[in-house]
Each structure stands twice: as structure tokens, then as C-alpha cells.
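One chain, chain A, links the two complexes that follow: it is found with chain B in the first and with chain C in the second.
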Partner chain A sequence: MLRVLSTLVRTRSPLFLTKTSPSSQTLLLDRQAACEGLEVHQTRNTWILKRKWTPPLNKLPRYEDDKRRRHLPSRFHVYELVEHRDSVPLKPLEVLLVENVEGIGMKGDIVKVKLNLARDQLLPSGQAVYCSPENLEDYADLIEKRKKEIEDAEGPTRSAFVETTLKYLQQMRLNITMNRNNPWTITKNHIAVSFRKAGVVVPEYAITMPNDPITSDNPRDFEIQLMVNRTDEVTVPCHMFLYASGNVNRAAPDDKGAYGKLAEAEMSTPDQPTNPSP
Partner chain B sequence: MAAPAKPGLIVLAQLSRLRLQTSPCVGTSFVQLRNYAARKGKRAAVQKAKRAMAKTEEKKEWKPKRLLMKDEAFMGERPQATAEWLARRPTDDVYLRAFYPPPRLSVPDAVARLADVNAPEMYDNMDGYLYLKLHLDMRMEKKNKFLDAFKRTVMMPNYFEVKEEKTVLVLCKSLADQTKARDLGATLVGGTEIIKQLEKGKLDKGDYNTIIASNDIIPDLIVIRGYLRKQFPNTRNDSLGSDVGVMVHNYLNGVTMQAEKPAGVHSYANIVVPVGRLNMNPEELEANVKNMINQAMSHKPNRAFSDKFITRSLLTVPPGKENFDLNTESYIEAPKKSNKKDKQADAGEEEGAEESKMAATN
Partner chain C sequence: MSSSARKLAPAWRSGMWFDMLPEHYKARYWESRTRQPIPVHWIPNKDKYMIHPKNGQKVRIEDVPIPVKYPKECDEGLWGGEGVVKGFQKRHPLRRRVPHYWIPSLKKKILYSEILDRYMVITVTSRTLDLIDEAYGFDHYILKTHQVDLKSDLGMTLKREMLLALAQKTYYPDDPARQAKILKKYGKYMILEEEAEWIGYSLKDAIIKIRLQLDDKKPVPLKEKYKAELLEQLADASHKDKSSDQETKSWISRISPFGGKSES
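Showing the complex of A and B:
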């Protein structure tokens, strides 16, 4: 590092210190040009500096091995920082996916990913290749196939996030809040709304309800089936909550089951199991 | 072995003895003979300046740097809101909302979704208030200047009752206007005699939410401008004009929207305001939302930092926690083409615009 700096310092450009060959007399005036002349290091520890005081021509060495003026006077060794390469944010890398990768993309997709993800995971495991012209030629069939798939799609198509969604649905419990004062029978709309409240978008056609209807007379926990993309089926347990609108004392849900002690006392009859196991 | 006395000590002792012998009038103590201040207003002026300084100094609570940066940064520009993120659309039929940008709906669509949750079978809250939340960008072209939080009462195209406590003080000279204001329900109506009472401290400005005045009484009212400060009648918030009856009616039957900045934040503000009841006709609600958005847009300064004054608008019905993003752009009306007169008015407005200057921190 120090060595790089020292070579930079000894160059002859009066405005910018560049790692161009010492013999070159180019006067780099703007920052862009200065940056282009530099070798970009993989370690990104290059510092681009600018002289604060421009030395007059008579202070500069006159030829390559001018012994008389080996160094500039110390007042010309004051520098200002133009750019530190380490502080420049890294650009994402474009890669071509050869396999379906969860949360990133599908086979044949060209995606922009973080450098570390590409270098540590996608490229070494063979899930992706660099987006070079040669690779684009080699995998042209794959890319075209994927493009057609997207264009011809009618209805839902499988995305890279579907695995994550399925995992989330498998571990989730759906809370359904219904009114305690008014009569109701649970419909697919109520399930879809409850899913939306929980941050999952579900169309009504994907829901399969239990055979016996759930009504306000007999609120209980139950299970529903979800068909994701018309291919993957997930079972989601549903948990009933009763909400008392207006100024009625609200039944607080407890660990045991569907409704709180107040609701339990009011609704329990010998025939109905009011405290279903969660 | 006794050490010899240090010469320096002896000298010191001698000096102290000397000082004791000198008479008090020759000594260093200064006796003030004059029992009045040399410059009469000096002390008062200094104290006044000190008080002003104490007011401007904001007490800063300690906060972790991470949170501090979050406050000061502009919340409208979230790091993930890139063009790529905004263009992302779901292809699955079942998906998690967190993976995609929130859909931007029209008012009837959002109302339909809110009506689902608030139906009698669920929350049973169909007559609940529909609230509009607006996120405002308060930055100006100048880096340390920000638009001040504002408050304004707006008449809605479709009326609905709002439970707001409104106390109005009406000041006008003509008796006809006074009776009109009294009939409409103003809390207190009067002329110059009320101004004198305010001046003497017999009436408190804090008892009234707003003060409405007619143009003819302004020369008398200017006397208490220093006392009224922000409550001083102003054409911009419709509290100063020629027609007192319209102003009082609009204030008492309108909805008050108030831009509020969170503590310690200058760059953005939020408005939370009711725009109707959920059981109203969706088209009526849409008209009310459109009106509210355009009224908020009228506060956009000429030298705003960006064209996008309203960065986000949401609809919600408490106590439900769901918010639905609105397609704000479709509700913003293009500003009217300004002729010369309007331009002059704009310039004057800009000079008078309430802009707060933030001390450059960090």
C-alpha cells in the first residue's frame, strides 16, 4: 500500500498523482481521467489524492534522472483526498441462473445479486454462471425457454419465492377474528381476509373449507387446505378469536383454546365441546 | 538536622504583612458608589437575549446513533424503494405481501377491502371513520430550511359529522356580520372592544381554536399581532376575508387537517385526517379523498426539494391495523395555469411562507 502511494507521489503530474509511467508527461486535469489511469486493485485500498499547491514548472525535475531536484520541497507534499476506493459501494453482479434458486430466481433468469452471494454460493455450487457473452451463447436455449414460459403463462406461474411461501404456510397458524355479538357462518371470504391481515394474499378459489360449517353457535378451531399455484397443497390450522364490538367486555384469548373465560362461561353447553385443543 | 528556612517563604510572609497594613481604599476591592445602572436598558436586554437563547435551544435526548440517523434521514426514501423493487409483480396466486411492493389502489378498491374486515360478522364497524394518512416531504431547496407544520380546516364535498370541539372568536365591525356569525354558532363575536380586552389580558387567546376576522377590522387588530402570533387571522387558512359568514360556516362544518412532525424531525410530516364514514358511498368518499389530497398539495412550497410533495397516501379504519396505499398521482389535479397576477401573489406568498430554520447540526 505504502509503496503504491509512494509511486503515486513521485509522478510528475502537477495536479493529480497517477500511476501512469513516470516518463509520461500527461497532465490529467479532471477526476474521471485520473481515475481511469489507475489500476483498480482487488483489495480496493487505492487512495486518489490531489496536490493542494501546484508546483511551478521550475520546481519540477527537468528530465528522468535529474539528480539536482530529486524531491519537491515539503510544501508541495500537501494532498487532498479525491476518492477512497473502499468507500465506493460495490455494484451488484449480473449472473445467469442455471437452476431454480429459492428467493432469487428461476432457471434461465438473469438476475442482479450481491457480490458475496454470487462468489460464495451461486457460482461455486454451479447454480449460476457469469453473464459473459460466451455463456449467454451457450445457454441461449435456456434463456429463450424461460422467456416463452413467462410470455405464454395463463394464470399463476411458479416464482422463486414459492418455496419460502410454502415454508411459511406450513408453520403458520391463522387467527380468525369474528364478532361475538352478531351471527355468522365462516365463508371463504372470511378466511381470505384473515390471511390478508396476516400478510398473505390468498384467492378464494385456493381455499378448501372443512366439511361441517363453522357458525357463531359453535365456534371452534379447524383446519383448511390451501392449493398454491394449483399444484402444492398446504394444511393451515385456524384459531378462532371472538371480538366484542361496542362497549361489551371483551373475551381475552388464553392459552387453552379458542376463547377467553368469559366467553367460555357464556357459551358452554354440555353438548358442545367449547374448549378445543389447540 | 533542621533545614534552613527557604528565602522565598520569608518574602511571602513579608508581603502578606504589608498588605494587611495598607488601607482599604488603596487595596484591590472596588466599591460601587453609584446605585443605578450605567445604561438603563442593558441588563433587561441581556436577560431578554438569554431567554430567547434558552427557548431556541432544543433539549436533545440521548439516542443510539442508528436511530438518530433513521430520524434525520428522510423516511419517504426508503432504501428498498428502487425501480426494480417497485416493478416487482407477483406471479404466484398465493404469496407473501412482504416480497412485493404494496399495491397502489383506487379509493373504491381500498374501501371495499376495508369494508370486508369491518363487516358485521367481523369487526362490526361499518359506521367507523375512514382515515386518510398522508406522508409529506417538508424539505426545501435550501438544505437547512424546511416547511413548517401547518393546520387547516377544509370543507368536504360530501358532508359528514366530525366530533371536534371548535371554539371560534369572530372579530368584525359591521353589525350584520356579527349577527350572522352569532347565528351560525360562533363562540364569541365582537369588534374593537374585544381587541381591547385581549390587549389588557381580560380575554385569553388560548380559549379559542381559531380567530376569524373581517378585512375592515385589520387596522385595529394589528395592535395585538405580537400577542396573537400564529393565531393572527390569515387569508391562507381562510380566517381573514370579506365574507365572515362563509368563513365561520366553513370552519364549523369543515374537517381540520394538521401536519405533524415527529419529535426531533424536520424533513417530513404526517397528516391523519378523517375523510368520511365507511358506510358512505365509495364515490362520495373518493371525492372527499381527492379534495383532501389537493388541499394538502396547495401547501406545497414553490421552492420544494422535490416535485413529489405527498410521498405516500394510505386509507385505514381504526381499530383495524390494515393500511391500503392509494394511487396518489391519479387524484392530484394539475395546478391552474397562472397568469401575471397569480405569479405576483405566489411570490408574495413565498416571502411570507412559514419556514423554519434548523440550526445546522451534525
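Showing the complex of A and C:
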């Protein structure tokens, strides 16, 4: 029961790989809210004007289709701006997806997307169609199929955000900070906490640890396996950082503590990256 | 022709060539001249009367449309009924009014027509794009919108092409499934082929068209007919004569003993 809830990576909000599996509807609602909030930018639109001074009334028409009007002097062509939709937010457009679109939705979903995305990308390429009554009728079986898929699924279904999440996880390198002085063994809890610090919420059951345990006697870089939606597996490299705060009793130079051992290991393998990822 | 239409018509618009035009064209022409377009640059009043703010009396109010200019460039794009408004601005109560032109902001967009199966780069305004979304597609927008509101030669040309394609069923000839889909979607806009080929022509172009059509149907004068017949006969005769001459010559030369000498 694992599902990605939101992928607002750019806003540095945390990625959730939570145990509670939100329905697809929540996902869509989330996206709509995000899109409504973000879609405020300048558009140049129609000028809507009105007269500054109201012209005197014309005579009532004498016969049917009497089109005669009085001649208006220049002062009645002084106009004021009623509305130039210069900074009116663009309303998001509702479209029906005909194909799976990464980061947007699955086939048969009705989603609200940014206006320009729909106009420039989704609609011309045929990935989506307008939500017109005719289209809804034509693609009724597609929509029903998708709804059934969501309802009937015992476990989680593969959502449109899986690809984005996988990409994000593949490019990241997890920094694990541990105490330099006290003895420890790394558990799944440590990994989960480190992920949370990096902005990703991961449940412990999704983590697969390496076979040989990592302890304070033998600190080293290692790799863990992450299961996303129980369908996709990602390998995330982890990097150890040894840390001690405050008034530290530094280890004697001849006594090779955990830090000394790690430094040695790094020296012996110069290929390994030492800089933490941003 | 209605009475108002007759008033609008200058003398040459009710002339010989105009009367020759098909009835459906004439009806559409007069409608395009008399119909009021949907207001774009001003907001019409909701009511005919209002309560005066000071004395509380019922006062008549009326719509005085703001005149809009349509430059020739609007025929090369789809401006969605927008145009140039020419007027004045009063920027300061103590300063003289300043002339000002309110011009639409244009952009080029790639639009796709499903019936014509064609991608086109067209100059549009934001309003056009909004209207296309409102109509659920480019083809629907073009076919649904009246000539008066479309306000573009390009739009009317596209409309004619689409209606002709629908009438002649020239869309997707190799794909019957898609053909049925198009017919279901746009069947409600279908008109007769004879009508469709006249859609969107200006009066000048329509008159040229009818003249060309009538030229083809013109009866040939009998003079021309007899002349042609006579020429044919003569051609035949001369041909026959030639052949007969050759025969006679050969026959004479065969009989006459002096033939050869006289020739030499």
C-alpha cells in the first residue's frame, strides 16, 4: 500500500512514500489546487472600454429597422478602460487524458491542467481531448475502465507520478550522519530519518538493507534498495558522515577510531566520490 | 430582400449580376450586412431603463456601440472579432484629451483542423484561443461562428473548405473509421454542396464567380455554329477534291499519250 502523493520537487516540499494510500481522486484534487495556485501570470487580452461621457439619447425609432443615429462629436469618443484582462489569472483547463502522461495522469483520467500546457502540448499531440459532452460520451468506456481500476485494485495502482519519483530517487545520493564516538549499527530507521532530512518520506518496510551490517567498527558507503508502489525498485547510494558536536574528545592519532577507519577507506579507494550531493 | 436591406443597397448591388447570384448566397449576404456582431470591446446594458441616481426617476438608456476599425490584416488571421479602437484618452482632468488607438495583441499559434487534417500557423489573439476552447475545438469554432463575428476572410475560406469537405466527403479517404467519427462529430454543420461552394466569397468575388459560370453555359450563336459547320464541310470537300484530283490526274496520265510531254 504505497503511493506517491505529490511531486512538487521544485518547491522543496517533501515527497511522500506513505503507508496510507490516497485514492486517485485525492491526487487529482491536490494537483488541481496546486495548479490553481500557481497559474497567475500576465496575459494580454481584449480591451474593454466605455465612454467617459454618455452621449444624449437618440430619438425613438419611427419605423421598424430605423437605424438612424445622431452624429457624435469627438468628446463622446473619449474612452475609459473598463477591463483589460492584463493580470487576470488563466483558468486551468479540464481535459480528458487519452494516453498515460508522465506527471499528469493516467489514461481515462479527467484532470485540470495549466491552460498553455493543454493548448500547446496535450491537445495538439492527441494525448488529451476536450471534456466536451460528446467526447465524454465517446470515451465513456475508457473513463469507466479507469474508475473500476481504481476501485477494484486491492493494492496500489501505478500512478502517473511514479516515473517522476523514480527519476528523482535515481539522481539522489543519501547522506547518513552518525556519531563519531559512540558505537552504532545502522538500521532501517536511520535510513528513513536520513531520507526525511533530504525531503523524502519513506516507510521502513520499503527499504531493503545490504546483507552485511554497517557498524561503527566498519563505516563505509553502501547502497540500499527502495521499493516504490511494490512494483518499481530503485537503488539509492548512501554516503556516511561521522559527526561529533560540542566538546569532543578527539581520538588519539594512533587509536584509529571510526573516523580514522573511514578516512583510510576513502584514501584507498580514490574513485569513490567524497563530496556530498547537493 | 427585406426593406432594410434594400435601403442599404446601392444601385449596383441590385444590378443584373447581383440578381444572377444564387438565392442562398444573397440571403447570407444580406444577413452579413444587417446582423449586429456580438460586442467585443464594450459591454452592452442589461436593461432598457434605469433609476436615476439623484431623482429616482425611471430613465431610458440605450446602447451606443463603440466603433471598431478592422484593418486588412485581420483578414489574414483570426482575431476573434477584435479590432482597432480609435478614440481619445482623458489622462488628467485639467489637460486636453489625447488621441489614442487601442490595438489588439497578436500572436502566432499553430492550430490543427481535424476535418482538413492540416496544421496551420495563424495570427490569433487570446480571445480567439478562449473561443476555440469554449467551442471544444478549432473546427467547431470556425463552423459555429457567424461570418459577422468571425470577421476574417481567412476564417471564411477555412469554413468554405471545411463545409465542402463535409459535403463531398473528401476527408480521410483511406480511413473509414475516422471518416465515420468526423461525420458524427461535424455532421450537424453539413449543408448542400451547391451552397457550400459559395460560402465566404465577397460580393465582388461572387460576381466574378457567377460570370465565369455563366460564360461556360452561354448559348453559342447560330452564326458561329454555321460558320464552324461550313468550315468543316469545306475542309472535307478540299480533302475530297485533293484525293479526287490525284485520282483524275493519274487516270488521265494513264490514258492520254501527251500527258507526260505537256507536263515536261
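The rule we apply is simple: the second predicted complex is superposed on the first by the 178 of 278 C-alpha atoms of A that agree within 3 Å, B and C clash if a C-alpha of one lies under 4 Å from a C-alpha of the other, contacts with A are read in each partner's own complex, and residues count from 1 in each chain.
Going forward, a residue touches a chain if its C-beta (ideal position, glycine included) is under 8 Å from a C-beta of that chain, and two chains touch if they have at least 3 such contacts.
Not measured: the values here are computed from a predicted model.
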Which superposed partner A:Arg119 touches (first chain B, second chain C, both, neither): second
First (chain B), second (chain C), both or neither touched by A:Asp65: second
Partner chain in contact with A:Met178 - chain B first, chain C second, else both or neither: first
Touching partner for A:Gln225 - first (chain B), second (chain C), both, neither: neither
A:Leu93 touches, of chain B and chain C: first, second, both or neither? second
Contacts of A:Ser132 with chain B and chain C, given as first, second, both or neither: second
Partner chain(s) touched by A:Thr215 [first = chain B, second = chain C, both, neither]: neither
Which superposed partner A:Arg51 touches (first chain B, second chain C, both, neither): second
Which superposed partner A:His77 touches (first chain B, second chain C, both, neither): second
Footprint overlap on chain A, comparing chain B with chain C: none
Residues of chain A that touch chain C when the two form their complex: 43-52, 55, 57-58, 64-65, 67, 69, 72, 74-80, 82, 85, 93, 115, 119, 124, 130, 132, 134-135
Touching residues on chain B, where the partner in the complex is chain A: 84, 90-99, 113, 116-117, 120-125, 321-322
Residue numbers on chain A that touch chain B, as the complex places them: 112, 153, 155-159, 161-162, 164-165, 168-169, 177-179, 181-182, 184, 189-190, 193, 196-197, 199-203, 206, 226, 228-230, 243, 245-246
Touching residues (chain side chain C, partner chain A) in the complex: 2-4, 40-43, 60-62, 64, 66, 82, 85-90, 97, 100, 102, 104-105, 109-110, 112, 119, 125-127, 129, 133, 136-137, 185
